[in-house]
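First chain A sits with chain B, and in the next complex the same chain sits with chain C.
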Partner chain A sequence: MKRIDLDIRDGEFISLVGPSGCGKSTLLRIISGLEQQSGGSILLDGATVDRIRPRDRDLAMVFQSYALYPHLTVAENIAVPLVMRRLNTTERSLLGTLLPSAKAKRKEIAGEVGRVCDALSISMLKDRKPASLSGGQRQRVALARAMVRKPSAFLMDEPLSNLDAKMRVQARGEIAALHRQLGSTFIYVTHDQAEAMTMSDRIAVMMGGEILQVDTPDQIYQMPLDLRVAEFIGSPKINVLQAALTEGDVLSFTFADTANNRVQAAFRPEAARLAGIANAPLAGVIHHIENLGADLFVQVMTAGGNLVVVRCDPGGIRPAIGDKVGIVMDEARLHVFGTDNRRIEGSYRLEAPL
Partner chain B sequence: MTARSFVSSALRHTALLLIAAFALLPFAVMVSTSIKPADEIFSETLRWWPQKLAVIENYTEAFSAAPLMLYLMNGVVVTAAIFFLQVLVTLPAAYALAKLHFFGRRLAFGFVLFCLLIPYQAIAVPLFILLYYVGLLDSYSALVLPFTISVFGIFLMRQFFMGVPDDLVDAARMDGMSELSIVWRVMLPAAIPALTAFGVFSIVTHWNDYFWPLVAVSSDKYFTPPLGVMAFRNAEAGNDFGPLMAAATIIVAPLLCLFLLAQRRFIEGIAFTGIK
Partner chain C sequence: MSLSASQNRAGLALIAPASILAIIFLIAPLSSILVLAFTDYQLGDRSLRFIGFENFQALIDDPVFWKSLSNTLIYSAVVVPGSMLLGLVSALLIDAGTSLRSFYRTAFFMPVMASLLAMAIVWEFMLHPSFGIVNTTAKALGFASHNWLKDGDIALYVLAVIGIWQSFGFNMVLFMAGLSAIPRDLYDAAELDGTPHAWERFKLITWPLLAPVAVFVAITSAIRSFQVFDTVHALTQGGPNKATEVLLYTIYAEGFEFFRSSHAAAITIVFILLVVSVSLLRFVSLKKNGEGA
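Moving on to the complex of A and B:
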């Protein structure tokens, strides 16, 4: 990882998103203290925690595999962080359970565990072992174990990726609601751009060990600073075409091989529409149509051999596979990137049709 | 079930039964001899069930001719102490080899594998001399100490711990456990099947061990059961096979009970660690 500079605000929900192997989990583990950074500093509330052990950093982590203790019941699992912190070694030992101080502390802990269980509606599971729980229930127990300590920040490492698609959407809403309710900082690692978009206050897009952009979901979607960010966020993927700039701000898709000012033009499927061939900057043959009910994604094979996806209104005129069509983009929603993938700011016009 | 698979399954089971019967034969002879009166043991016709039962005579003789109870107690004390100390050493070592990253870990594990190759008879003499210099010969310590570090146990538990997810260890660290707490509070409960398997290996080995106690102790108050039986044979009873076999049966019985109790977990443990 290189040049990571991330300033997380108090109480914010920030997602670290990127393809697998981009370093997002490593970054989270370094924040938690489970892994040691080779250089640089981690500051929590303005104080460096570089030499502080994970347990003393006042952070809680939810793991992808939930990592519940298989031999303990749900209630015992949730109580572990409190037991380890509040009871001393003697009080934790087998004989120590007889000490009045241990008894009082355990009672207090049981009360707190009960409250967290109620908040996540898992009270009826308290006496079960993790093996007998469903994926969704385990995920809640893992959340409860993190919550019970009231940490200053929650670290979550892909907590939803072991759930099925339906549960995931539900859990997404629940975690976001939990964040609003607790008001603590959430640092959420995911490879799923939809999770990042739907839950976060801000998103940090990582690739190849680098943070490419940190911004609100809207900004990330509408103003990607890097072509790789634009390609990673959004489904279906943004369309990217080779183009050339002529006369300074005119974007041409029909450029000669020798043309200078080569750029990469990108536009989202909803920023384009199908039109007649006559007055369109881009033309092609309809290759395939994906009907999702609410949206119709038309894949057009252009003369240059690129597949371009255009969103159509299912209520409008339905094109047919094999039709020759033109594509017109919304000039305001065009993104232009240099050959180094960086965004080139400016307003552009499309080349007039020939 | 089709006729063909029935035939092949029947053949398989017959073969297995024959092998099992062959393995059990000496055991059956031992039990059968232990309930026969002296004159029937060397009679020309071989009988499984004696004409005149001598259960009470042989077994009371077994307990009275030698302090068999003392030997059994010694056996329990020694094997229990060995197993307890082995667990105390093995689990932290196996945890370190499986889950911690430190310089020389591969080398350390290489040494463990290397030590697996050393038969303990080979180091019996150095051990004996060592114990002589420390002045611990002929004591319980002499019987227990040489076995407290079990490389086999370290190897077995390390293989098992490799399968425990790293996330679980990290979660325990986040929850505030020290590394030793992780060993006893997280790894130990997860390792019960493997530990049972190791326990059976360890207890059977040291309960039945004849060689080391023979070397290490000479006073019969420290005799373990196998030594006791042999001392018994040399005693005034001479070759009184009835009581001797009765004593042997009594000595084997606790192991049998232990194995039957631990059978399920034992097999789980073997399956888990992929040994054998």
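Moving on to the complex of A and C:
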């Protein structure tokens, strides 16, 4: 990892998103203290925690595997963080359970566990073992174990990736609601751009051990600073075409091989529409049509051999596979990136149709 | 549901190999021992007579048998916890370390693979009262020297120490397999949950998750320790004055030195009952674990 400079605000829901192996989980483990950074500092509330053990950083973590203790019941699992912090060694020992102080503390802990269970509606599971729970239930128990201690920040390492698609959408909403309700800082690691987009206040897009952009979901989507960010966020993927800039701000797709000012032009499927060939800067043959009900994604094979996806309204005229069509982009929603993948700011015009 | 005749034949044909082997190697010898235990047969006799429970009655009255049984149980009571504890500690140390793991694993497993009879001779030299390394070291450090194998008060415990040395490597390998099955995430979770030190993590995660392995190790260790014979035969021959007489050695002496085959068969029955009862313990604990999960 290199040049990681991330400033997380108090109470913010920030996602670290990127393809697998980009270092996002490692970054989270370094924040938690489970792994040691080779250089640089981690600051919590303005104070460095580099030499502080994970247990003393006042963070809670939800693991991808949930990491529930398999031999303990749900209630016992949730109680562990409190038992470990409030009871001393004698009170935790077998004989110590008889001490009046231990009894009082355990009673208090049981009360807090009960309240957390009620909040996440898992009270009826309290006496079950993790093995007898469904994936969604385990995920809630892991969340409850993190919540019970009221930590200053929650670290979540792909907590939804073991759930099926339907549960995931539901859990997404629940975690976002939980964040609003608790007001604590959430640091959420995921490889799923949809999770990052739907839940976060801000998203940090990581690739190859580097943070490419940190911004709100809207900014990330509408103003990607790097072509790799633009390609990672959004489904279907953004269209990218080789182009050349002529006359300073005119974008040409029909450039000569020798042309200077080569750039990469990108536009989202909804920023383009199908048109007659005569009026379009880009033309091709319809290769495939994906009908999702609410949207129609038309894949057009251009003369240059690129596959371009265009969103159409299913209520409009339905194109057919094999049709020759032109593509017109919304000039305001064109993104231009240099050959180094960095965004080139400016407003562009499309080359007039031939 | 009724099976057709051809299905029946196929079924019988399929269980035949296993059942034939079981009859030849397990059931037939065991039942002949059982029959022999109720006769007056001695090795070389041309005829035998059923005498009911007389052999067992004789065992009850035989102080050597009781000495042998209690020695076997004392030996197990030392070897089982000793080899389990040493096996667990070495497994934890090797698991926590990063370098030379396979070297330690091989080194500690060596005694399990080595022929105990050959190793017993090495031990005999080491324990030799006048020039053995144990006594010379003890003397150099200012401790009293002992005639380790000829002192009736300690000989059995010396054999138990050799037994621990011989078997802890096996337990260590089993514990290491059990440790590798514990997800690392649990330890990370425990650290963030605030476990203050390694002992607390051991109590919270390692020991409960190793429990099934520990039960298995305890029972196999117990059965193996009941079977102690090589070291006794090579080092003490049950002596001095029956101080190291153990069940298997008594069976051997009765059957092949005094040729009292029926007597030996009766002790064998007792021995088998002992082994079976420990195996049943495992069965019960497995069943309990199965219900708990």
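By our rule, the second predicted complex is superposed on the first by the 354 of 354 C-alpha atoms of A that agree within 3 Å, B and C clash if a C-alpha of one lies under 4 Å from a C-alpha of the other, contacts with A are read in each partner's own complex, and residues count from 1 in each chain.
Note that a contact is a pair of C-beta atoms (placed from the backbone, for glycine too) under 8 Å apart; a residue touches a chain by one contact, two chains touch by 3 or more.
Here the structure is a predicted model, which means the values were calculated and not measured.
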### Message
Should chain B and chain C be called a clash or a fit once both complexes are overlaid on chain A?
### Response
clash
#### Entry: First, second, both or neither for A:A131, with chain B first and chain C second
second
### Message
Is A:R85 touching anything from chain B or chain C once the two structures are fitted on A? First, second, both or neither.
### Response
both
### Task
For A:P70, select first, second, both or neither according to whether it touches chain B, chain C, the two together, or no partner.
both
### Message
By the touch definition at the top of the document, which applies to A:R262: first (chain B), second (chain C), both, or neither?
### Response
neither
### Message
Identify the residues of chain A that lie in both the chain B contact region and the chain C contact region.
### Response
32, 34, 53-55, 59-61, 63-65, 67, 69-71, 80-81, 84-85, 145
### Message
Show me the residue ranges of chain C that touch chain A in the complex, using the header's touch definition.
### Response
183, 185-186, 188-196, 200, 204-205, 208-209, 211, 293
### Task
Would you pull the chain A residues touching chain C in the complex into a rising list?
32, 34, 53-55, 59-61, 63-65, 67, 69-71, 80-81, 84-85, 89, 92, 129, 131, 145, 149
### Query
In their shared complex, at which residues does chain A touch chain B?
29, 32, 34, 53-55, 59-61, 63-72, 80-81, 84-85, 145
### Task
Enumerate the contact residues on chain B facing chain A in the complex.
165, 167-168, 170-177, 181, 186, 189-190, 192
